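Structure below; questions to follow.
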Amino acid sequence: MTFMLAGPAVYVLWLSFTVSNFGQNPQFVGWQNYAAILTDRYFWTAAWNTFIVVNAVVYIELLLAVLVALVVASLKTGRMLMFAVVLVPYGISEVVGVLSWRFLADPSIGLITNTLALIGIDFNWTLNPEAALVLITTISIWHHLPFSFVIIYAAIISVPNELYEAARVDGATKWQEFWLITAPIIVPAALLAIIFRYVFAFRMFSEVWLVTQGGPIRLTEVLGTYLYRTGFRYSDFGGAAATGWLMVLGSLLLAAIYLRAIYRSAFRDA
Amino acid sequence: MKKSIGLLALAASLSLSVFAVPASAQSINVLGHRVHQSVSTGESAGTTGGDVTETWRAENGDINWITADVTPIHDRLFREMTLDAGNIDLAFFLNRFVSPDVFELLEPLDGYQAESPIEAFDGLSQGMRDAMTYDGKLYGIPFRHATNALLYNSKILADQGIDSIPETFAELVDMAIAIHENDPEVYGFANHSGTSPTFILNLALAHGVQFLEPDYTLNADTPEFIETLETLKRLYDNGGLVQDYISGTLDTIIADMQNGRAALSLNPFGRVAVLNDAELSRFPGDIKAVAVPADPNGVTPAQTEVWYMVIPKNSTNKDLAWSLIRALSSPDATVREALNGNGPVRPAAYQDPRIVETNPAAEEEALSVESAKVAFPGFDQAARAQEILSEEADAMLLGRQTAAEAAANMQARISPLLPTN
Amino acid sequence: MRKFIGRFGKALAVGLISVWSLFPIAYVVLNAFKQHRDIFVFPPDVIFTPTFDNFISIAEVYPQFFGYMLNSLLISVSATLVCVVASALAGYVYSRFRGKALAASAFYLVAIRLLPPLVITIPLFPWVNILGLADTYWVLIALYAAFWLPLNVLIMKEFIDQIPRSLDESAIIDGASEWQLLRHIILPLSAQGMVACAVFVFVFSWNEYVYAFIFTIQNAKTTPLVLAEIMDSVTGTNYGVLFAAATIQLIPVVLLVLVLQRQLVAGLTAGAVKG
């Protein structure tokens, strides 16, 4: 199975140095594909948007995951039910989830847009790229929150009750309990959540494609949609492959610190 | 826990037993949109053409319809055609995806036509056949056309006291703006920008200019096209065009018409059906179609898109594919498919009594087809060029540049993409 | 009074979380029971007469829908089995053995996932066809299992790390073979972790679109492809039908989470995925 992923990876690297007709009769062109992409202003818009959205998604989602996990873990009744409730968005297909949000935020008939309009906020993401990116970030968080939640929740639950009891006997406040007992246990789990969410969010595609297709005027393009447009709209497989490798480089850079931390704690500790 | 493992094992053995998929004796794989299947087999409720493929199937075997949405169809076809032996024997192909690269992967059809000809071959629209001829060889047989009409909501117009459709396109533009002035809840045109900017292309035709001519002459920075862009801007700024023009999709546009948020649209004749559908629309029966009002030279500015039947070069079943093409292209088949909701590619079909009887717009449609133009000829970089057209026009609508600047940018960015010969 | 505020705050938080999680889905399900023409209305009708027309339409217009659902089920279940077994074994190896090569392979396992899946399909497509695997269950099962392998290996490693080594040692002293050790001690004790992994793979396989679109034609077509096809760009989308199909497609996943809830919670918490 490793081969299944490794073989193609090498082939993609080679493809990124070629021009071809739907992948047929490829011709070696050196760095030409990379040069074309790096001088394309839309690539840089996409890279910048990706950077902003990925960071927003990863950290806001982590914060929410911790809050939600704390609330659910503190419940005495109905804890199981809430656990299932939080998990549900993960089960729905991306396409349907995005579609539902698109309707809720529709400029003319959407519940959210109309409610915001009542309090004087004009949330027209169809014309305003910033608003569109906010919507995309929200959808992405909604869909993936269960993933981060599960990881954090498991960590919180694993704290033995005696620890808290001991702390209470010592007269610790709730706040101190959190910082001294819960937080240190969350940190490693949070690292794991962050790394995987970085990897997934960096390749974000459906949320953007189904909401704005990168518009208006390609201002909400992210790297995932840039790659798709290059490869599958413009049939430029070499360009798409090159974009793919630039994305790998980018996400490695972004996630390097976390990757290192995980690598150390997981495989070097013995 | 034991129980669930047992269940999983059961499911696994079940799944393994179904893996042996039986292959049917003789069959043909046809790739297309569901609409091609339904007009050929007459499966849509309320259509009267019947199953056009019935006789063919009795004599030749099964048809495996492989259906998907428009872009995925072509994406799939291109992938399949790069294989040594493809899985697709016959495909439906939209003119806007045509390019020299694609022709190289398709089977020329002249040999088949010489050997076992299509009945009344010359009756197939000459213009449509020409558009699929490359280097003197014919690569596709036209199957369906979608020619733009002016669709309008007769109830909304009557409520506003508008009782006739103007003769010229310039008057129509004023009317679209007036509709929104009369009732701020209602907009003029429901159309969208998107990846295939048919509205601008049609608007250009209405201003007497073709954005990109069949010989790849680009007319972006002509006075007529700048005027086109200015009209677009005027419509958009004054409610003559829906506000989700830039972000909209075909679905939002259809919904705008079905819910009476817009009163006009430039869209294919065939779309009236879905707009008048009692289950989908709030205005069943009120949406009418007529030929688009004339351009300054008195010509009907209709733009069209054409679906062709093609045979991939790597098909393993070419003879069978050709025989199905023949069966679906005869004059009688064309009429029956039209009765099932198809746009007939034989001009004569519009005089057929069966069609005159069921399609109130038959005459208008025939008129439009006669002067219709394929607004964007295909070439390798056509998809990119169309998106540039949309982008620059949208940027103008958002107030980021003037019409003249947008036109100049289009000319500068699209010219290098065009074929040089 | 303070207690009351605390309780009220908690109830409010629970309410907010539920709305956030469930509302978009409830919206889909509710609209599945509305006529298409009533969906695009603001303000939406809260009280309406439910109609089953949309569900009937699916059976009429997409008669193969349920066949494709069976495909989805078989593929998802098989991929889940393959992936969970492989992850458990690999997790065991990573948990109990150390070495530079092993650490490097683990790092590689994670790093390789950085390549966008879409790009991988370009070289994979011709190979899959040469091997005659196009449009079979096998190709999707292998891809889905491979896709979740890296994360599941990490999760299983954490679980197996929790099992005291003394148990291994005493079993070996008692003369158990490596295989017996795995079967009688490691796997049963990490069963709940396997449930958690299984849910991840299943849900992913059940909803996956890109690979299914590229590698299937007819025989192995899955439900997400039908959903995409209903979002039609020639005749326009019938949203009522789309929402109805989405609702049906949602049922197995919800059932799975509900049925396995206990194991899932227990598994995730006992294992305490600590990274």
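Labels A, B and C are assigned to the chains in the order they are written; within every chain, residues are numbered from 1.
Here is the rule we go by: a residue touches a chain if its C-beta (ideal position, glycine included) is under 8 Å from a C-beta of that chain, and two chains touch if they have at least 3 such contacts.
Everything numeric in this text was worked out from a predicted model, so none of it was measured.
Contacts between chains leave no pair untouched here, as each chain touches all the others. A count of C-beta contacts for the chain pairs A-C and B-C puts A-C on top. Between chain B and chain C, the centres computed from C-alpha atoms are 37 Å apart. Between chain A and chain C the centroid-to-centroid distance comes to 17 Å (mean Cα coordinates, whole Å). Residue positions of chain B touching 2 or more other chains, listed in rising order: 79, 82. Contact with two or more other chains is made by residues 23, 108, 232 of chain A. For chain C, the set of residues touching two or more other chains reads 40-41, 125-126, 228, 231. Residues 35-37, 40-41, 53, 74-75, 77-78, 80-81, 125-126, 129, 134-138, 188, 191-192, 195, 213-214, 217-219, 225, 228-229, 231-239, 260, 263 of chain C are the ones that touch chain B when the two sit in their complex. Note for the complex: chain B touches chain C at residues 1, 4-5, 8, 11-12, 14-16, 18-19, 21, 29, 33-35, 64, 66-72, 76, 79, 82-83, 87, 249-251, 254-255, 258-259, 271, 273-274, 279-282.
Within the complex formed with chain A, the chain B residues making contact are 75, 78-79, 81-82, 101, 104-105, 195, 243-244, 246-248, 261, 380-381, 383-384, 387, 391, 394-395, 398, 400.
Listed in rising order, the residues of chain A touching chain B in the complex are 21-24, 107-108, 125-127, 212-213, 215-218, 229, 232-235. Residue ranges of chain A in contact with chain C, taken from their complex: 1-2, 4-9, 11-12, 15, 23, 68, 71-72, 74-75, 78, 80, 82-97, 99-101, 103-104, 108-111, 114, 142, 150-151, 153-155, 157-158, 185, 188-189, 191-192, 195-196, 199, 202-203, 205-206, 224, 227-228, 231-232, 237, 240-241, 243-245, 247-248, 251-252, 259, 262-263, 265-268, 270.
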